[in-house]
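Have a look at this one.
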Amino acid sequence: MAGIYDLVPAIAALPLASFVIALFAGKDLPKKGALPGILATAGSLALSLAVAVTVFTTGEGFNQNLYTFVAGQDTFSLHLGVLIDPLSALMLVIVSLIATLVHVFSLGYMNDEGETGLPRYYAGLGLFTFSMLSFVFANNILMAFMFFELVGLCSYLLIGFWFREAGPPSAAKKAFLVTRFGDYFFLVGVVAIFATFGTGAFAGSESFPHLAELALEGEYDVNTFFGLGEQAWFTVLGLLVLGGVMGKSAQFPFHTWLPDAMEGPTPVSALIHAATMVAAGVFLVARMYGFYALSPTALAIIALVGGFTALFAATMGVVKQELKQVLAYSTISQYGYMMLALGSGGYVAAVFHLTTHAVFKALLFLGAGSVIIAMHHNENMWDMGGLKDKMPVTYWTFLSGSLALAGIVPFAGFWSKDEVLYEALIHGLGTEGGLGIVLLAAYAMGLLAVFFTGFYTFRMVYLTFHGEPRSDIARDPEPVRWNVKGPLAVLGVLAATVGFINMVPVKKVTGLEIDYLHQFLDMAPEAYLTNVHHYTELLETDAFAGIHAATPLGEVGTVAASAAVSLGLALAGVLAARQLYNAPQPVEHTDRLGRVKTILMHNYYQDEYQVWLARDVTVPFAGVLDTFDQGIVDGVVNGASSVSRTAGRQVRKLQTGVVTNYAALLTLGLVLLLAAFAVVGGWV
Amino acid sequence: MALYESIAFALFAVVTLGSALGVVLVRDVWHSALLLGVSLLSVAVHFVMQQAPFVAAMQVLVYVGGVLILITFAIMLTRRDSDTTVDEVGA
Amino acid sequence: MWIEALILSTLVASGIVLLAPNRYAGKLAAALSLAPLALSGIMWLNYDAAGNALLGGDMAYETTTRWVEFASYGLNWHVGVDGISMPLIVLTTILTTLAIVSAWTPIDTRQSQFYGLVLFLQAGLLGVFTALDFFVWFIFWEVVLVPMYFLIAIWGGPRRKYAAIKFFVYTNIASLIMFVGFLTLVFSMGPSVRAIDLTQVAQLVRTPGVVEGIAGFSPNTVKLFAFTLMFLGFAVKVPIVPFHTWLPDAHVEAPTPVSVLLAGVLLKMGTYALLRFNFTMLPGVVRDYAALIAVFAVVSVIYGALLALAQQDLKRIVAYSSISSMGYVILGLVAYTTHGVGGATFQMLSHGFISGLMFMVVGVIYNETHTRMVGDMSGMADRMPWTVGIFVAAAFGYMGLPLMSGFAGEVLVFLGSFDSTISPLFTAVAMFGIVIVAGYLLWAMQRTLFGPFDLETEYEIRPRPSTTWHRWWCCCSVWSGWVSTLTSSTV
Amino acid sequence: MIATEWYLMLSAGLFCIGLLGILMRRNALIFLMSVELMLNAANINLVAFSLQHGNLSGQVFALFGMALAAAEVAVGLGIILVLYRNFGDIDVTSPTTMRW
Amino acid sequence: MTGATLLELPEYAAVAPAVIMIVTALLLLVIDSISPEPGENDRLALNAVAIVGAVTALSVSAWFLVAGTGQTEGPISLFEGALVVDGMALFFSIIVSSVTVLVLLAGYDYAAGDRYQAEYQTLVFLAASGMILLGMANSFVAAFLSLELASLPSYALVAYLKHNRGSVEAGLKYFLVGALSSAVMLYGISLVYGVTGTFQFAAVAEAIADTGLVGILGVGIVMIVGGVAFKTASVPFHFWAPEAYEGAPAPVSAFISSASKAAGFVLAFRLFVTAFPIGVVEGVVDWTLLFLVLSIVTMTLGNFAAATQENVKRMLAYSSVGHAGYVLIALASVTTGSDGYALGAGMAHLLVYGFMNTGAFLFIALTEYWDVGRTFEDFNGLGWEAPVACVAMTVFMFSLAGLPLGGGFVSKYILFGAAVRSGLWWLAVIAAINSALSLYYYSRVVKAMWIDDPEGSFEIESYPVGIYAAIVIAAVVTVLLLPGFGLVSEHASAAASALV
């Protein structure tokens, strides 16, 4: 059924059209560009669903180059193309769904608030959606990189939307720069991949993951550089690409941009965190998972970075005062889980968590947006309280999202997070050597983060919605309209239910084949080599990753134990929060942390050292270079000129104006010439 | 014959060079001019000795009769009244 | 005769405008510059040549006439276009027209001379990109200096005279050194060369055994020597660090429309010539010393970018970033792979458009605020949204954002140079330029364009309806051409 | 017959004495006279070599040389006279309005 | 008139250019003696005769050159080989007479108030005839005589403004250095005669092939080089040049810096190629090395000294020294069995130089006429007052500097090419650096005229027709020599090839 696949480019083209319309005609449209955006994203959603259904029902995919923009002679060519397999189909649905809801929500958040510059806003959203969708269906890594970068651009434009204030432009700059720094490694990786394999294709027998696999098996020759062996070189490549992933997905130490990015409008935060920019990194690893599965080192680093980020970000979320800040750190933390899953061989788990997270994080951000509308853009949770009764729709949906985030059964987050931890555990136990230890360490950190997640999530819920109102605005919040509540409702329901698509523990316990997501992802056409069992095969080959599963308590026992531990920790966190903050007039308990609080409030001084690197190292260094340039390099040029002039002034002195001197010099010259040539000519 | 010739050459060579040196070295420009005449005339003698009587004649005519007179004239015209003997200071 | 018509129409236009009254000069020049624009457009459309003509590629619109007979040598009027020069010709005609239009507002004295000189400059540039006889080429190469000197020195900023003379003498000395280098190469071939026609010379030089020793040098030494001198000469024009210091001064002092042409087209002369001469004629030397040249390229990229980071003057920032961008071109050339050279060619184009646009936007801002210092203004986006929008677009183009032309050039250069004779480490280091460029452009934008509005100078900002055309220019430049990538990459 | 070498030496001596005068003296007239000595030195050579080579062209050239020397003196004296009129004396080192 | 009919002319008709010059000089004296106190009509008549005479000489030279006189049938040898008329002689005759035409045109206004205009013109013609004869000289006798014929009127011309201290000083210095140089040269000639027994260039070449008196010959050759160096204003015989060019009336400066220099070079070319072929005298005096040294020193000294001048005319004077250094490259680049490339390049450059340098000095004449002052600052803003003349001056300056606004570009670089061709690439590099430096000081004039703001206002009352005409003609020819360089180069290289 090629028909629907021919329309795939339209999924991205529709938001692009809305971008153009909003940019050039948005001013004259009734909702300043919102309507084309909603229509376009809705259209994209419909098409994406149709594509996903087609993939699901037929099990076929689509992998084709559509446009060659550089035709190489005697070398590789560069293409734009489409790859549709279950992974990208799923992601398309998620992205277009969230984008649609964000557009609708923006009506309430932006239009109703009377913001200026709305055409710019909707144009940005349109471009953002377009970039992300194109990124998702990219069939080669160069195209992926291109849209990956464009996503960064859009985030810049949208985070800096309120450019008349000081904060947003700075945050936008930071977001772009930090991710750009990561993208630098990504681009080196892309270039190196092309140089190594001569192709950047993701899927198929000519794709670079497969060629790498063949190369390791000794069936294919590739160029490696710097005298590295193939395995080592592939690890380097993987890590280079990982640089981009860590930048975009805000993994430690590139996470610093993300909390600042809260300066942007809240719907944009929702879009960035749930479905687009941040998700792009993780998606990229999943996209080329066949490549990572070849390198145990890369996997170990991914897992370690993921686990550490999950814990690290969660601890910082504990002390934040602004609603969106908490959510920001939770995002970092949750993407850490996904990385953990990917690193520990849990491909499906990662995608699953990506899916559920998209839903509940979008929900939470939109809910936060709703609260912010109500609070007249005051985001400090200590000024809130008691909103539960004033805005019930927001409260209940927000609660749904919070439960999902905290990982409380049966909300979406529970299922996915549980699977992530489970995968890390069994593979950590089953894998020999350093990788196994790393996975276990990462698992331990992830597990610990569960507690913190539960704690900060419900600290946020209690502070915001429970207790007594702590400010005048909180006592009389601004009402929100359908365009806010609608998206919240949709997402609230989804947050509670979307986890059912892949209830692995239930499957293990009951034996029912209800791991639909797993099956779906495994439906990728064999030729693409992107299906789950191929990945599993690669992971379990000792020559490649060599990851094995071990279930010391039996399959059911292990899954149950794992679920119980993580659920227990989550509940412990929730209860701790309830204990501390579920009071009519909660007080700050952070002081009890002592100096730890200072460190946490300063985010472990991560910003400080990065700013120091930029401002106190790079800029002064550039200043020194500038001095060098002006002084030495330019000095030589100017010096040559002044030397010439000085020489000229000296030469002039020869012409004394006294004719006797002329005669003397003339004679002297003649005598010198005579003497010299007498010697040369041998006259004597 | 050759001996007389040699003696004559030596003699006139001394005269030529000596008077030439005088031209260059004496302070008074008048004396210089006169010594120049001597030098040029002795050169004319050399010309005769080299079997170039016509050239020698021309030498006398052109130099002594023309050039020297011109120079004398110029000395008269450019000589300042105040210092009739010394017209320059130092060499 | 197309090329002759092209150059002649420009020259005639220059003459007419020089004699026109000041009041009409601007409009007249713009109108007259449409003729070469149209001609080059037609040439582009009917263009059926591809590849580097010196390497046996096709050539279009070629004419050859004997010009000078001298001793046993002949100099020919030989012009033609190939895959390398055609895009640059179009770039020149487009940028000239736009520069003329953008000069309407800022240039308010001696207009007829200004526009006349700009058109004269254009004639010289077109000649540089079409001439195929060395001497004819060299004439155009040098003639470009003359109008540029006047344009900077008469209509420039406060230190215009210093900048103009520096540009003038520095680039002139470079040209002469290059000239000696090329002639050494030509004369080392003895009697086999009877015309210093680039196509012939290129063929002969590449034929083994044709280059003989000269002045006691072995053939290989002669080649290396000629290469070095030519490289030095062109390095100044490009400019490659450390021969770049004329550029910031010239760019900063030149009036905006001239900066546009300077950055947009003049810098391309250097890389064009490097490609035509050094890299086409002496690939052996390039191979042997690729690493060294690559060091120059990489240093240009990083050093130029870091210097841009240290600047406070918007125009200086753009000027230094040009050095950085041209470093990529050198990198692509020295890699000497299909993608490398194609990318370098495309980077020339895209840098031409984007830096031109950047200069125009900075010029508009300067025109409105009478300052270019980063510290003197903030929040300009509040008062001049479209200009700022274009600034942002151009800046991102400069940063090499995908779907903008800067990306195509850079990424092709990277792809081409990573897997080539030079170490991939060079490429990897040079690529770090994309981070620094983002750093200083974003920093400058944040300080000047965004945040609360504030202006240190007392000038009022008037509403500017006339920047509308900038929009189209922006689209044209930023998106300039995945299509043309196709052609240029077949080089 | 006197060997040509002797005449060569004589002329060289005369030439050097003329040169010496030019270098030592500042009086324009002495300068002029010294030049005459140098020209005469050349003439001695020409006549001597003419005899040696047995052709007359040397003598002829010597005659031309004389004529030219005379003309040169004439022009020179004219210049010296205007010099005197403008600068008040005929010291060749006094006119230094133009230098460097 | 074709070459065939030309052959019907008697052979001695080939010296017609020089004869026309002399006849015109005499004619002018006659007219002057008829009317010693010239009125306006006489002035017109004088100038008309002078210009017609010079133009006739120019046309005849050009006609001969184009018709192939002394080229197709081999050089025409006259007066027992004392003079020879060939392509090179005619080529330089063209240079000299072109400069003469320009100088006379300018003199129409420049010497307008002068009672002794006829004398001035006569001197110019006599000097010009000497220069033309210098190009034809084929023996030392003729060479020395024409040299003096060219020099003596020049001394008088330089000191022509007898009430102007600068002019007199210049005349004195020119004369004194000139007299010394001619004595040196004559002595050198006498030594060469002593070795060879002949004055005939070709015979000299034959005679020195088997001589043992290398020492005397060597001293003679070096001393003759001294004479040539004086005429061409090359180091170390250049000392007269800055003062003479600065102090002389500007048209005279133009005349001696262009025509006289060219005449010096034509003598050098012919002398060293025919009388002292490098293949023969290499062991005695490697005069290519000699000229190489002189070339480097001359161009460097000239250009560096010019770079720091405040006075425009003096700057031009030094730059003229520098250009002598460039042309010396031609001699330095002559190699055994060379093909006329180097000499042809030198000749072509001298022709172009004749126009651009004359034009530049005539522009100075114009400013002297206007009395605007002599320094760079005095020229500030002149471009907007006298645009035509200043455009012309810009052309001259850039063409002299080697920018392609005029023929100077091509000729200069072909000349540099000659150095490279004979393996002297480093000489070319030195020349290149000098050339770039020259761009600096030439552009100062341009900068002053167009870019700097004037301090006061100019009081320009009239625009003299003659000087303007001369400047414009010079400028147009300079520009046209860029595309039309082929016309020049063909003859130059042919003439040079015929010589070697």
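Note that the chains take the letters A, B, C, D and E in the order they are written out, and that residue 1 is the start of every chain.
Everything that follows uses one rule, which is that contacts are C-beta pairs under 8 Å (C-beta built on N, C-alpha and C of every residue); 3 or more make two chains touch, one makes a residue touch a chain.
Given the structure is predicted, the values throughout are model-derived calculations rather than measurements.
Visitor: So which chains count as neighbours of both chain C and chain D?
Guide: The common neighbours are A, E.
Visitor: Going only between touching chains, how few steps reach chain C from chain A?
Guide: 1
Visitor: Counting only C-alpha atoms to place each centre, which chain is farthest from chain B?
Guide: A
Visitor: Most central chain by CA mean?
Guide: Nearest to the common C-alpha centre lies chain C.
Visitor: Could you state the distance in Å from the CA-based centre of chain C to that of chain E?
Guide: Taking the mean C-alpha position of each chain, the two centres sit 41 Å apart.
Visitor: Just the number, please: Cα centre separation of chain D and chain E in whole Å.
Guide: Once rounded, the distance between the two centres reads 26 Å.
Visitor: Distance-wise, how many Å sit between the C-alpha centres of chain A and chain E, to the nearest whole number?
Guide: 77
Visitor: So how far apart, in whole Å, are chain A and chain D when each is placed at the average of its C-alpha atoms?
Guide: From the centre of chain A to the centre of chain D is 96 Å.
Visitor: Going by the contact rule already set, what residues in chain D reach two or more other chains?
Guide: Residues 18, 22, 26, 32, 43, 48, 80, 92, 95-100 of chain D each touch two or more of the other chains.
Visitor: Which residues of chain C are in contact with two or more other chains?
Guide: 169
Visitor: Where in chain A do residues touch two or more other chains at once?
Guide: Residue numbers touching two or more other chains: 641, 652, 655, 657, 659, 663.
Visitor: Could you list each pair of chains that touch, in label order?
Guide: A-C, A-D, A-E, B-D, C-E, D-E
Visitor: Can you name the residues of chain D that touch chain B in the complex?
Guide: It is residues 1-2, 6-7, 10, 13-14, 17-18, 20-21, 24-27, 29-30, 32-34, 36-37, 40, 43-44, 47-48, 50-51, 59, 62-63, 66-67, 69-70, 73-74, 77, 80-81, 84, 89-91 of chain D that touch chain B.
Visitor: Would you mind writing out the residues of chain D in touch with chain E in their complex?
Guide: Residue list for chain D touching chain E: 4, 8, 11, 15, 18, 22, 28, 31-32, 35, 38-39, 41-43, 45-46, 48-49, 52-53, 55, 57-58, 60-61, 64-65, 68, 71-72, 75-76, 78-80, 82-83, 85-87, 92, 95-100.
Visitor: Under the touch definition given earlier, write down the residues of chain E that touch chain D in their complex.
Guide: 140-141, 144-145, 148, 152, 155-156, 159, 162-163, 165-166, 168-173, 175-176, 179-180, 182-184, 186-187, 189-191, 193-194, 197-199, 216, 242-243, 246-247, 305, 314
Visitor: Which part of chain A faces chain C closely enough to touch in the complex?
Guide: Against chain C, chain A makes touches at 69-75, 78, 142, 145-147, 149-150, 153, 156-157, 160, 163-166, 168-170, 172-173, 176-177, 180-181, 183-184, 187-188, 190-192, 194-196, 223, 225-226, 614, 618-619, 621-623, 625-626, 629, 633-634, 637, 641.
Visitor: If we count contacts the way the header does, which residues on chain E are in touch with chain A in the complex?
Guide: Counting only chain E, the residues touching chain A are 172-173, 176-177, 180-181, 184, 214-215, 218-219, 222-223, 225-226, 235-237, 239-240, 242-243, 283-286, 289-290, 293, 300-301, 304-309, 437, 440.
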